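Right after this note come the structures.
The following pair of complexes shares a single chain, chain A, combined with chain B in the former and chain C in the latter.
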Partner chain A sequence: MRLSFRSAAMGVVLAALTSASVQMAHAADSPNPPADLKAFQKYFTDKFPKLKLKDFVNGPYSMDKGLYKQWKEKEEFPPYEFALAAGKEMFEKPFKNGKTFADCFPHKGIGIRQNYPYFDEKQGKVVTLELAVNQCLESNGEKPLSYTKDDMASVTAYMAFTSRGKPFDIKIPKDPRALAAYENGKRYFYTRRGQLNFSCATCHVQTPGNHIRAEILAPALGILNAMPIYRSAWGGMGTTSRRFTTCNSQVRAVPLTPQDDEYRDLEYYLSYVSNGLPISGPGARP
Partner chain B sequence: MASTIRVRATSSGDTTEVQALIQHPMDSGFVKNSAGELIPPHFIQQLTFEHGGKPVFIADWGPAVSKDPYVKFSFKGGKKGDDLKISWIDNKGASDSSTAKIQ
Partner chain C sequence: MKNSLMRLPALVALSMLMAASATSVRAASSEDDYKAAYAAAEAANSEAGKLRNQWTTAVSALKDAKAAAAAGDFDKAVAESRKSETLSKAAIFQSNEQKDAWRKMEIR
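Up next, the complex of A and B:
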């Protein structure tokens, strides 16, 4: 009698335990962006205890003293100056119908880079700054720009420049589709691909600060804050689209089409986890 | 068209430090385009910095200099407010010039 009572009590305790652990496992599995953000930023600040959060937006320069010195000198006379001037001119030049880019964007397109990408509930998809620029052009009867070429980089460079210092403020609305886009981007980020079997995270989470041949890998945290970038290796400007497609081909995977659903979701995820870090674009990278 | 030259010259006592960035394709003549045809050579041949009518820096450049070249040097003399004239001429005969005030 006593024995059976005991085992019954044990049974209750066990049942309570299992239901608790099931709940915990469930919590870890269900998407929780704010927890992701905290864990993501903590991982980087633990890995680089000497760096402040805002230093991460300067990528490899924050990880190497020599590079930092070179960069400081370069910033006095930055290589993206011509793109910036060209971008300002394009931004202000009226379209054939008399409207300008300013008519398409909130706050006339000035100082808004930190809010992109956002989830557009009407379109049911993530809208990046590059996509918004082309949607603006198309809705005004203009030809869209190539996502990987100089013109797009110039326009977005100017828009980023007017937003410098403003912290990334990506929101995930209470819409299951927005959460799904976020999860999809996260999945893309951590999925291995290509002949080299690398995920985005292999280089930019696991080994930032390390050398890959002569270059220093940038941390994923804050990597988009500096976009678009002037890369000396490219001898020119590059957009976020260009960065994504080149990263994919560098691990010998077949890149997607620029501004594909998955790339936009990836940009959404990666920008969200850098929330709070200031915009530093346009950037210059070796 | 906007100028292809960006200059900053700062005087610190008896020397003036000059930094310049020039927008130019600097095609070497050895690179092929996506159709497999050679891109004809197109590069700056001479770059001159003049102060008070006197050249203070002359560079004879060739095809080996990179695209959108950057130059930094310093010279003795030059006061705040002086004019510094910069000009370049390329192998196709095109040229540009600009004048900057020493700060």
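Up next, the complex of A and C:
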């Protein structure tokens, strides 16, 4: 009798413990973007205690004194200047119907980069700035731009330039689809792929500041704040789409189509966890 | 000494067997061999594609297999097809393993 009482009591304790651990596991796995953001930013500020939070947007230039010096000199005659001028011209040039990009965006498209990407509840998907640019063109009877080439980089460079210094302010509305998109982006970021078995996090979380061949890896925190970028390695401008597709190729994974769900969701996740950091685009990278 | 002498015929027999098997490996592959190997590689690559994780090297090997077959080099075509299939199977394994494993890398 005593034994059965003991075993019953132990059973209750065990059940309570099991229930608690299940709840803890559940809590740990439940999507919690604000907690993710806090942990993400803490990870990087702990890893690089000498860096100010806002300096993470300068990528590898914040990780190496020599590179920082080169960058400061480069910024006197920035390599993205031509793209910026071309982008301004494209942005202001009327479409065939007389409208311009300004008619498609809030605040006439000026100083709004920090709010992209956003979750569009009508479309039920994440809308990036690049996608919004093409949706604007198509809705006005114009041909969409290539997501990876110069014209898209130029237009978004101009839009980013007008938003410089404004902190990323990405919102996740109370819509389960938005949370699902955020989670999908997070999953993509941490998933290993390609023959090299790398995830985005392998380079940009585990090893930022380290060399990979001649390059210094940028931290994931603030990595999109400088987009689009002029890359010396490319000898030209590149969009976020170009960056994602080339990252995939570099780990020997076949890139997805630019602006596929996974890429837009990835951009949503990465931008959200960089909330509060200033827009610094267009940027220049080695 | 006696032991090593006794081992000799066995070694010779083994060498002959190895040579015979090497000869059979070197036997020319036929177009049918290539077609079967290519179909298997293509199926694995397509499955990796459904998992959104094709490997560039698997795709290149498939192209090389096709080019070799077009040039009439079925040995190379079969070898490239098999290489491609092996790589795609590794990609499939990786995708399935990462379905849960990605969380291990997550910053919490």
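Here, the second predicted complex is superposed on the first by the 268 of 286 C-alpha atoms of A that agree within 3 Å, B and C clash if a C-alpha of one lies under 4 Å from a C-alpha of the other, contacts with A are read in each partner's own complex, and residues count from 1 in each chain.
By definition in this document, contacts are C-beta pairs under 8 Å (C-beta built on N, C-alpha and C of every residue); 3 or more make two chains touch, one makes a residue touch a chain.
Owing to the predicted nature of the structure, the values given are computational and were not obtained by experimental measurement.
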Next item on the list: Return first, second, both or neither, reflecting whether A:70 touches chain B, chain C, both chains, or no partner chain.
Entry: neither
Next item on the list: Considering only touches as defined above, state whether A:235 meets chain B (first), chain C (second), both or neither.
Entry: first
Notebook entry, point to check: What is the contact status of A:139 with respect to chain B (first) and chain C (second): first, second, both, or neither?
Noted result: neither
Next item on the list: Would you check which partner chain A:190 touches, where first means chain B only, second means chain C only, and both and neither mean what they say?
Entry: second
Note to self: So in the superposed three-chain picture, is A:89 touching just chain B, just chain C, both, or none of them (first/second/both/neither)?
What the structure shows: first
Notebook entry, point to check: In the superposed arrangement, which partner chain does A:256 touch: chain B (first), chain C (second), both, or neither?
Noted result: second
Next item on the list: Could you tell me if A:207 is touching chain B, chain C, both of them or neither one (first, second, both, neither)?
Entry: neither
Check: Looking at the overlay, what does A:97 touch: chain B (first), chain C (second), both, or neither?
Finding: neither
Check: Do any residues of chain A touch both chain B and chain C, and if so, which are they?
Finding: none
Item checked: Residues on chain B engaged by chain A in the complex (per definition of touch) -> 2, 6, 8, 19, 21, 23, 66-68, 70
Next item on the list: Would you pull the chain C residues touching chain A in the complex into a rising list?
Entry: 49, 52-57, 59, 87, 90-91, 94-95, 98, 101-103, 105-108
Next item on the list: Quick one: which bits of chain A touch chain C in the complex? Just the residue numbers, please.
Entry: 28-29, 36, 39-40, 43, 186-187, 190-195, 197, 199, 201-202, 205-206, 249, 252-254, 256, 262
Margin query: Show me the residue ranges of chain A that touch chain B in the complex, using the header's touch definition.
Written below: 76-77, 79, 81-82, 85-86, 89, 235-236
